[in-house]
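One structure is given here, and the rest of the page talks about it.
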Amino acid sequence: MMVIMRKGYTEEQFQGVLHRLEEVGLSGHPIVGVERTVIGVVGQVYPELRDHLEIMPGVENTVPISSPYKLASREFKPDDTVVTVRDVEVGAGKTVIIAGPCAVESEEQILATAHAVREAGGHMLRGGAFKPRSSPYSFRGLEEQGLEYLARAREETGLPIVTEVMAVKDVELVAQYADVLQIGARNAQNYFLLEEVGRADKPVLLKRGMASEVEDWLLAAEYILAAGNRRVIFCERGIRTFETATRNTMDLGAVALVKRLSHLPVFADPSHGTGKWYLVEPLALASLAAGADGLLIEVHPSPDHALSDGAQSLTFDSFQQLVHRVRAIARAVDRPLAEPVARTGV
Amino acid sequence: MMVIMRKGYTEEQFQGVLHRLEEVGLSGHPIVGVERTVIGVVGQVYPELRDHLEIMPGVENTVPISSPYKLASREFKPDDTVVTVRDVEVGAGKTVIIAGPCAVESEEQILATAHAVREAGGHMLRGGAFKPRSSPYSFRGLEEQGLEYLARAREETGLPIVTEVMAVKDVELVAQYADVLQIGARNAQNYFLLEEVGRADKPVLLKRGMASEVEDWLLAAEYILAAGNRRVIFCERGIRTFETATRNTMDLGAVALVKRLSHLPVFADPSHGTGKWYLVEPLALASLAAGADGLLIEVHPSPDHALSDGAQSLTFDSFQQLVHRVRAIARAVDRPLAEPVARTGV
Amino acid sequence: MMVIMRKGYTEEQFQGVLHRLEEVGLSGHPIVGVERTVIGVVGQVYPELRDHLEIMPGVENTVPISSPYKLASREFKPDDTVVTVRDVEVGAGKTVIIAGPCAVESEEQILATAHAVREAGGHMLRGGAFKPRSSPYSFRGLEEQGLEYLARAREETGLPIVTEVMAVKDVELVAQYADVLQIGARNAQNYFLLEEVGRADKPVLLKRGMASEVEDWLLAAEYILAAGNRRVIFCERGIRTFETATRNTMDLGAVALVKRLSHLPVFADPSHGTGKWYLVEPLALASLAAGADGLLIEVHPSPDHALSDGAQSLTFDSFQQLVHRVRAIARAVDRPLAEPVARTGV
Amino acid sequence: MMVIMRKGYTEEQFQGVLHRLEEVGLSGHPIVGVERTVIGVVGQVYPELRDHLEIMPGVENTVPISSPYKLASREFKPDDTVVTVRDVEVGAGKTVIIAGPCAVESEEQILATAHAVREAGGHMLRGGAFKPRSSPYSFRGLEEQGLEYLARAREETGLPIVTEVMAVKDVELVAQYADVLQIGARNAQNYFLLEEVGRADKPVLLKRGMASEVEDWLLAAEYILAAGNRRVIFCERGIRTFETATRNTMDLGAVALVKRLSHLPVFADPSHGTGKWYLVEPLALASLAAGADGLLIEVHPSPDHALSDGAQSLTFDSFQQLVHRVRAIARAVDRPLAEPVARTGV
């Protein structure tokens, strides 16, 4: 950390800062510049130190130097982490497609979708049994019944199951059914939930929060990693900006940046990222070109009757076309589509 | 809801929309304009309908007309709601100040602060026993021990206690100690938690999420109200924008707007809203002038040693000065400071 | 336009709105819904009407139905516009690369870069002679001398020249040298300048403003088109959001959306969009996959000595590698790289 | 400036940075920390240096220490600057109100408004003769005719005139009529225009850009100051954020912060800041409480017929009530309303 002194600080204020640093076992190394004096802090800094120093008389500001996440960083682990989900390898240089409806609505709906996803070339099945909804009056999922339908779909198709868990109390239940636990954007800073999935024995798909900076997102992963679960997959799904012509603003610069800062795989969700079915395909292709290891795509047998997110869901036909186009891009960036899952994989 | 047809839609597409509306018991009323045809939808609309219609061929877009929240709206309840916390009336035309440290750190710290808050003229004591922290390596609160210290402070000073609850499993415990349950910005869309405090028998202070639009915020309150708890107090604490010179951007337009849209009281938290102790006072005054019913202020016996949020905490002296200035503004806007709480109020 | 009446409006207020509409030659078509009454406005609406109606008693809000831009829309002109720049066709189904330094610094620098751009496969040369800089103490360009160097580079390489014009008074001068007039992000709502380039006889590359919504951006183009110049090329270069880990946030959803809303070609500038040289290539590939017709790339002989934007500039080698990768993506999306320009094209 | 080295940098890379600094006459002072090595740069840094260093091998990042503005800073001039406009002192501890219509529409309109503003207690008259409009099809002002009407209004009422100048070519003309030259939000980074008004002999009211960080805003002032004009008044008018319930998001934290960082007066414009007439008064009061030296308020004889910004304009009656309430707040914060201007002041 660097401490920037105000212009015209007094000797007493300067000594005060050095003394405060000593008090907590750190040493201060002053650099007297033309305009400013800066004190470099050497030693093991703790998170609250910035606040303590910024409030001292004579101090203008502080600047952190080290990143606050460790386990999630490439500096801690230079090689790419591969997360294995049943037979599917995520982050191993092949493109992986997770697809399915926003919400599980019925057995027929999820089975039909699972077969369509599998036939088109998708590798895992997504579907929400617990749904976070901004209005208390919206459909909120079939809960355990929905998980059972998902399990049945896995049995029939061999596709591993990705589903959201919204509460600490549900982690154990959801982990009994799911192959991957999804943390939604609204829970991206629900630290108790992050720790609980950090203690689960299942990989975690961690969506970025609507207002999460890249650093916040890496720190959310750090919560999971620090609790013992090293199998985290990031998923960019758009951030909230002034632009309302799309539902969110997909930040593909963050996809490329997180691939560089972290060893963990990064997915992209162009369905939530755009909110409009006709923008899903171009943004899916763009996500892969930016470096994403895989995609999360909403597919529904009949989007105009979906109980949630219909406007951003693809039909079976348009999903099939998307996979076709994805195949070409995936080859062009040298991360070809992963092999289809074995039907008897379960 | 209005359905806007694309230019050049076909008669078949037009009939398709009317038919889809009939299918769900609604009626469509077309208006053929110079540039566009619009279909007004009459009947009880359900939240997913927009998605269903937007995806139909020939449809350009839909526009919602009704607001999705009901119980939180002034249309539902025109008169101001007064929330009574022990002897303190919130939203009754007098300005209420809640103050205290970000986190309860020790018995001495919270007792000293409680006395200072009371003497300066504050009406309730805040202090976190459970702390949401962006890094897993930061101090995260004394938990139940912290709640006990808060209760002791209430015994000694008569100040009601406001403290954050972060998890469904902790609501019962926290409600045993607290007079007001605080929902933090990071949990502003944690719907299970909102419902759980909606079933508690304590008022709720509901902070705005960093990325919550005014409508999201009102819908978060709707979750609590719909679960049966009618005692909700809003608290603006700044939103996340491109401006990083302050920790957040306080949105006082939203304070004035929510006072108009809703019957519930609205507080403001200039400590989180600015992140800098020297901006707390001007923004506290501004919040009241914009129409806030009260303030949430961070105070610490020694901010340069605080275990969290030191940079935005006031000393006892600067808090006393703040109350002095608040008094003048509160009179000028005709919402004078509420009476001091009785010491034997407990 | 739709006028939404408040709940509990009076008959007099309702008649007032109808009367106000008649006053300006429009007719009102009421729809009485379960919760709200809405009045559809039929006739040629003028831009200020919304303000006039919103302020009337009994009116809750208004909702625009028609888009405010005409000439820029696909509804006005369904087929893609092809903008021809000397021998290069922009928007004709082939990918076009514009590259060069942020600023023209010397004759040697621009000539060396022009040759490198050409050899690597670039189609046009960019370089600023007039530079907008946030600080008055930064290097601000060689002005006419810079334009002359650019012209010499064109002579030697055959590459058409793209260069920024910042002021009405300079349009004539810049148009004498340039093949494409660039409007920078900071001038995206400088309406006098937009109109002036709208009267020039050169194509315009119109960057999106840092705070421009898609609609603002289309309206900026509308200014140019309405003044008579139909050769506009959009260029997405990132918007300002809360994320500061990258210089701007590239909005590739907007690229795909504008391709749908407008007939004009859309480029992307991943150099400004990310601000970091190591993110330029992945975002360049992503932009093409999202549907961009071409790229704008900063290249410099020695980025660590550049007079501006060094951190986001590619070396000749890394540019060559970028073109190599672009070639693969461009083929995969079926918009192969345009042919190299003829050296004797000038 | 501080240069942060990557982990695992080589000795050669380290020497490379020190050598590069020497090359430009600076010296590097290394601090070897537990996690990172940092090099403090001592000497007169130039703006492009960050780019040059960030691109060097072994360098992770750079951190600026000095602020890039000088003349606008309190460090350069600790005492408040008072800007005198005819008889009105701005920034001298008394609250100043500038009011009038968005656009000058006719002689009657501007004269009636001027009298109403004066009678209610306003100190200057605003009104646009040149209007920036997002659509080319909107009303764009009466131009010189409008300036003449403003001058007549000044003659009749003694109120100094504030009016926007949008183009370099118009500065001379506008300065012949105006007492204060206004730079609008869309021109906040139109550097040629900033320099041109920097050469004019009239005070400048400098609005904040929709996407301007506080530092950008101070740098825009720096352009004017560096060109020789020391009479700059800042005006906060809301920034663009994700919140669309109000037209813009007023950033009153920035008002308080700029008062601290700069010696120049700061105004606030709650009409543009909120976009809704019923939010103008609360935000006007809030702005003063946050520390603003004055207000810019839109007033119109008949807002429901205004040619621009009707929805955010006050009627004469509501303006009179606003001044009444402002008077109370201004006293409470010890910056009472300035004296009325003398009618024969011209």
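By written order: A, B, C and D. Residues from 1 in each chain.
Convention: a residue touches a chain if its C-beta (ideal position, glycine included) is under 8 Å from a C-beta of that chain, and two chains touch if they have at least 3 such contacts.
In this text the structure is predicted, and so the values were computed from the model without any measurement.
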Of all chains, the one whose CA centroid lies most distant from that of subunit B is C
Could you compare the number of C-beta pairs in contact for A-C with that for B-C and name the larger?
A-C
Distance between the centres, which are taken as Cα means, of subunit D and subunit C, whole angstrom
26
Provide the C-alpha centroid distance between subunit A and subunit C, rounded to the nearest whole angstrom.
31
Please tell me the distance, in whole Å, between the geometric centres of subunit B and subunit C computed from their C-alpha atoms.
39
On subunit C, where are the residues touching two or more other chains?
211, 240-242, 244
If you look only at subunit C, which of its residues touch subunit A in the complex?
211, 213-215, 238-239, 241-246, 249-257, 259-260, 273-274, 276, 278-279, 282-283, 285-291, 325, 328-329, 331-333
As the complex stands, subunit C meets subunit B at residues 2, 4, 7, 29, 31-36, 38, 40-44, 63, 65-66, 75, 240-242, 244
Flag every residue of subunit B that touches subunit A in the complex, lowest number first.
20, 47-48, 50-56, 68-69, 132-139, 166-169, 186-187, 189-192, 195, 209-211, 216, 219, 222-223, 226-227, 240, 277, 303-313
